[in-house]
Structure formats: C-alpha cells, structure tokens
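Chain naming follows the written order as A, B, C and D, and within any one chain the residues start at number 1.
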C-alpha cells in the first residue's frame, strides 16, 4: 500500500497551525487546502499578489482579474487584500509566510531542492519557486517517492539544477514522511504508509536518513 | 540693490516648466510656489508622502493628518495622492522629480552642497536633504550671497560637512544667478540683481565662475 | 496643464518606439496585461525588442503576438511555459532568454524605478541563477546581488485613471503593473475607465501620476482566462 | 482563528518588551505616531531601548516621552531637531544617535521587512553618512551600500483595521508606518477605528494582515500639530 495524493495532502495539512499564512504550490500541494482541520484557521497567499485566497468561483463568479499563481480563476474572502507582486514577494522573502508546500523533482539529504528544470528539455523558468524556498520559513515537499523511471527522488545529492540549497524541512511521499528539526540536522523517517516496510523505504531511497523511533 | 527673498523665489519660479513635478525645501524655497506663472501647471511633492500639495488650510480645514515635510498643515487637491515615505523617496531617488529648490549653507564651485550640519553645534540630522540632492534631476539653491559674518557662501570648496557632491545646477542669491549646463561644466554668472556690479559679485564670491555673456 | 490623455494607442506610442529598445510590460500570465498597447506595438513594426515581463503570453495573445511577428530579440522573464512559439524561436537560436526568479524580477523593477542599482537577496543562491553574480555574506547567510531594471518604455494596464495619470488597479490584475510603471523612462498606461479629476480617493491611488507620461482608454479588454477553474454552484 | 485584537495597549505589549530591545516606530514628526503604544511603553518601564524612527518627538509628546524617562539608549533617525531633551541627553553622552537620511531610512525599513539585507543608493555618497560603508560603481556612478533594518518590535498607527489586521492609513499619516509594520519581528498596530471583516475593500488595504500580530483601539488620538499654518478663509 502507499498513500494517495489526497492522503499525502492530508498529511501535509497536519502541519498547519492556527493563524498560519501559507503558500501552496501548483499541483498536488493545492489539495492541502481541502484537508484543513475545522478548528484551524489559515490564510493562503498567492505570490502574484493575493493574501487570503478563496475557493474556485462558480461559473457566475468567474472574474478574469482574480487568478492565483497557477493562473486559475479563484475568489476573494472577507479577509482578502491585493498587493503588487513586489510587495507579495516582500512577504515571502521577508519570512512573513510560515509554511510553503511544494512539489519537487528531487530532494537531497542536505535539504537541497530541484524542481524547475531538466537539462535537455525546454526550460520554462523558475517562476516563484526559488523565491519561495529562499524566503518561506518552513518548506514541505510533497512528491512521489520514485520518479517515472523508478529511480529514487530523495537522493544523496540532486542531479538536476537546484532551486535552492538546504531549504527543505519535511518530505512527504506516497510511501513515507521524513522530517528534520532544523536545517543543520539530518532527515529522520517519522512515518510510513500502511503496509510499507522500513526495508521498502530504504530500497526506494538514496538519501541517508535516520529512523524514528530509532 | 539686491534681490529680496520674494524676488529670489520669483527668479527660481522662472525655471519651472509645464508639467514639472517639483520638491520645494523648507524656508525661502517654499515661496517659489507663490510665483508660478499662470500658464504653467506644476505638481508639488512633499517627501513625507504627498504628491500634489495644496495651499495652507483655512482654520476650518486644518487636518493634523495632512502635513508637509516642514510639518506644516497643508491641504490636498483634486490630483493628490498619498504614498508611504518609501514610495515617496522612490520617486525622488529614482529621478522622477524634475526639480528641487533648496536652501544651503555653502555651495562649492564643483557643485558640492552643504546644508545639514555645523560642527560644534547640535546636529539635527539630514532629514531628506541628502536624498533630494542625490535623486532629483535638477537642483537649484536659493541662498544669501554672504553669511551672517559676511563671508561668501559660494566657495572654492565647502568647509562644512557635505550634503552631496556635485549636485547643484543653479545658484540664486540675493545678488546674482549662476548656472551650468551640466555637471561637468563650471558655473557661469548669468544674471545680476539691479545695480549689482560684476566687481561686487566677484568680491562677494570665493568660487571661480565664468561670466555670460563673456 | 500637460495633456497626458491620448486618443489611441498608436498616438501614445508615436515617437516612443525604436528598434532595439527595452520595454517593460506589466501583467502576470494573461491577467492585467496591456492588450491594447501590445497590439499597437505589433502594428508599429518595431523590431529587436528586449521585453521585460514575468511571462511571454500565449501563442496568439498577449506578448505572444509580438513573438509571432518576430519583433522580440530577448525576453527577461521568470516563466515562459505557456508559449510554443517561444520554444520554437528559442530552440532555433532566434530568441534569447534571461530568467529572473519571479520575486527577484518584481524587486528588480521596483529597484530600477526607485533609483536602487542593486540589492541583495537569498533567492537563487547556489543555483544557476546566481552564476556570474557577486555574492556577499550578511550575518552568516549568503546572498546574491541582483540589479535594478530601467527600461526605455513601460506599458501597463490599469482599471481606472484620472487625467493626472493617477492609476488604480483591480484585484490580482495589479501584479507587476505598479513596479513596471515606475521603471520606464517613459510610461504609457492603458485603462479600462478614465474618470474625472478628484474621482479617485487620494488614499486609494496605487500608482501616482508622476510615473505616467501618457494615458489611453484601452480598446482591447478581452482578459482571456488561461485556467478557467470553477466549482458547482450547488456545492457552494 | 487567532485573535489579534487586544483590550489595551498594556495587554498587547505583554510579553513583548525586554530591556535592550530594538523598536521601530511609524510616524513623521507628530503625524501618524502610535501615541497609545508609546505611552504604554513609558508605563512598562522597559529600558535601554534602541528606537528606529524618523523623528524623536517633542519634549513632552510622542517619543519625547520615552526620552524624558531615559528609557532610550540609542535613536536611529533622520532628524531630531524638535527635541531639547534629546539635545541635553546627547550632549551629556547619555544618548547615542545614528543618522540615516530620510529616504535611506524608509528604504532600510522596507528592505528589512522584505528580506533584503542590503541595497545601494546614491544618497549620502561622499558625505559623513557614507563613512565606513562599502561603496560600489554601477554604470559610472558611485553608490553606497546601506543595510536593511529588522527590529524586535514594530509599533504603528493606522486609521482603520479589520480583525485580520488589514490596515488602512489616512492621508499623510501613512508616512513610515507601512514599512515599520513590515520590519518588526512582531508588529503591534493601534487604530482609530476597528471595522468588521470585509468592511475594507481588498484593493484599499495598505498593510496586509500578515504583518500585524496584535491590534488595539487607540485611546490616545491627540494628533498634536507642530506647525499650524493657515490662510485666511476670505483669501481662499
């Protein structure tokens, strides 16, 4: 057994705390918003310039002037404010956003992250990913444990061009959860999906990690 | 004869062009606003964060939330916008203000300006003067030709701590007007107050200057 | 009073374009882009442009139109993923790209407009983006130096303007427009609504008129949506 | 939802002050200053403060009150000319002053709040302000490097707030408040009016709630005027 994308998102949602300002990356990370506990109030930020993102609009509510960083139509809330992209990235770079959940191509055991380009393929650009990993206080990566070719994505070192160095605090895959208390510490395996053995995690992981409880 | 303060301000007002954004320093420079030609429309900026300064208020209009950089109560116009001090100095530093008229303790023949401190006296601080001379495209100094002790204020070199280096484009005193076409050129005497001889200007000036017409 | 309002995008661009110039454009994706002025740039025939814009439009809309007519030599952007024409020209070596991370790009525009030639950021440290750029240590962390951007011309889209050039943006269409407006040597704004002097509360102005030299009513307000995501009204 | 609204300035400061801390305060002159929070700081008895503020108040109002009680060890300001108590303590060697040009100070607050540890400016080049600071040449002009400011606590004054901490300033009382709000590790705002959620148009928010951790209704709104300059109503 392994976790579904929704289960991975739900696991990431457990990391939310009341009052957090959170930036969710494009793709699986956006699912995290569906799993926020009822007693937790968070504010979602979209780096193009929205603080206080609402749900997708009904057909009648669609407004081309309200889009998120994935260029999807969204809505505003009673707490919403709009800012310029400079001010929005000021929030990010200045450490005012507590948590970001992002996808990744590779994570290294030292916390390096690669998620923006594959040499030989057309490069689309980093967008806001480099800013987010450099500025947000805590970075959680949601990714499949293995890539499409069956190779581990949590590695000794990234083979792809980096998005940031020593920036990842937690890795949630379809098989397991790795965490470290600070960026000077090694990652530690803290949870496995139901039926996933420690050996299976070891086989599917290139990165060194500790195991908790030891 | 020499020019009055109002005549000096009127002379400075001749340098205004239609559409200019202008910052007027505290003191005599504020008088420039009284001499704007009727066919000229300018917008006054106050560096604390007002673009589009109005006149002083009537007693009924006084609003403690509308003050200029001299901490005087002022009014707003139909063109006014308020900005933060960071954005206001962005206009100044970014070269978006065409002209500033400032007072000075000393100006040097190379365009250096001193107007913020006298060694041995309590230092009040530079306020926005250093930002203005560094950022505004054209700087006109309005000052008495001689200081209270009778010494020339337009000098070979400033003796007082500088506000900025090579920043002055025009000097208007109670005796004469000096100008230079660009900041690599020497100053040139272009006007004298009625009855003020060239010799009198030379006697009262320590700076080297050219004379026009030669 | 200097008249800032022009009759058309063509009239506003008159005398302002030349081959090889650098143009900064507001907008994020297809949201808040100066559609009218982009079309006028296509018609102007100006060539060898360097365009500073977070995105490059799509094949047949936004800046994609200027790419299709091969008027662009170089893009400075953070993400150009939605444009196949871009990919074709880039792979053929006809188009140059300088990637700037999105927040760094936004800050570079703001810095250029505010007279700041360079600043330090942690963004991109240790990545390809930092190659060839100076780095410095502040309080134990490493930062990379990025340069402010000043363009020959800025084109922006706003919701409302008064005749003084005071601009108000609408919702997330604000995005890069305020910074773009500050970093052009000349800035032309196209607006959905031109309102009377005094109609904009002085506390609500997003871009003060000092930054806007020319102004037109936008005639293209298509506002194409890239990802139309909706939920059922009943589930609401 | 985390409750940001506190009953009093004293309650909002509870647990937030310690001797030797750095506090950044919004305001220009006596305009837009956090009067209520300054009074509460006086009452708190906190000492050896470093205060970052454009001005130092007057003898008996604004930050002058904290000076009079000798709770301030150092000021980082652009202009302190209105305060005789300041002069006495400075000349006696009891008070340290670091002058920062006004625009540089505003930008240093903004930079600190936006994660920018340093930036370059032409302001102050060749003057005493630049002594000891790195300089660099960009495109033939010399610039001085200035550092971003991050304070332990920011205190700001706004006109309106909603319970989420979204702030709106009024007219020129905005001044340094928006940047101060961004550069405190904790920011406390005092406001003239607390309004309901949704009562502030999302396009009119000056300081988004992310920057405000605690919020109080201001009980001091004296708004003393330094230079009451008027014209005759008949001359209007």
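In this text, a contact is a pair of C-beta atoms (placed from the backbone, for glycine too) under 8 Å apart; a residue touches a chain by one contact, two chains touch by 3 or more.
Chain-to-protein mapping (UniProt): A, B = CoA transferase subunit B; C, D = CoA transferase subunit A.
None of these values were measured; they are calculated from a predicted model.
Q: Which chain lies the greatest distance away from chain B when centres are computed from Cα atoms alone?
A: The most distant chain relative to chain B turns out to be A.
Q: Please state whether A-C or B-C has more C-beta contact pairs across its interface.
A: If we tally the contacting C-beta pairs, A-C comes out ahead.
Q: Which integer distance in Å separates the CA centroid of chain A from that of chain B?
A: Roughly 54 Å separates the two chain centres.
Q: Rounded to the nearest whole Å, what is the centre-to-centre distance of chain A and chain C, using the mean of the C-alpha atoms as each centre?
A: From the centre of chain A to the centre of chain C is 28 Å.
Q: So what's the Cα centroid distance for chain A and chain D, whole Å?
A: Measuring from centre to centre gives 35 Å for this pair.
Q: Hunt down the residues of chain D that sit against at least two other chains at once, touch-wise.
A: Residues 107, 110, 114-116, 121-122, 169-171, 174, 202-203, 206.
Q: Give the residues of chain B that touch two or more other chains, as numbers and ranges in rising order.
A: 76, 82-83, 89-90, 92-93, 135
Q: Could you list each pair of chains that touch, in label order?
A: The set of touching chain pairs is A-C, A-D, B-C, B-D, C-D.
Q: Quick one: which bits of chain C touch chain D in the complex? Just the residue numbers, please.
A: Answer in residue numbers: 107, 111, 114-122, 136, 138-139, 141, 143, 147, 168-171, 174, 202-204, 206.
Q: Can you tell me which positions in chain D touch chain B when the two form their complex?
A: Checking each residue of chain D against chain B gives 28-32, 54, 77-82, 87, 90-91, 97, 99, 101-104, 106-107, 109-110, 121-129, 169-179, 206, 223-233, 236.
Q: Which of the residues in chain B come into contact with chain D in the complex?
A: Residues in contact with chain D: 46-50, 55-60, 62-68, 70-74, 76, 82-86, 88-90, 92-93, 112, 117, 122-131, 134-135, 161-165.
Q: Quick one: which bits of chain A touch chain D in the complex? Just the residue numbers, please.
A: 18-19, 21, 41, 43, 45, 51-52, 76, 78-83, 87, 89-97, 135
Q: Name, in rising order, each residue of chain C that touches chain B in their complex.
A: 1-2, 110, 112-116, 162, 164, 166, 182-183, 197-198, 200, 202-203, 205, 208-211
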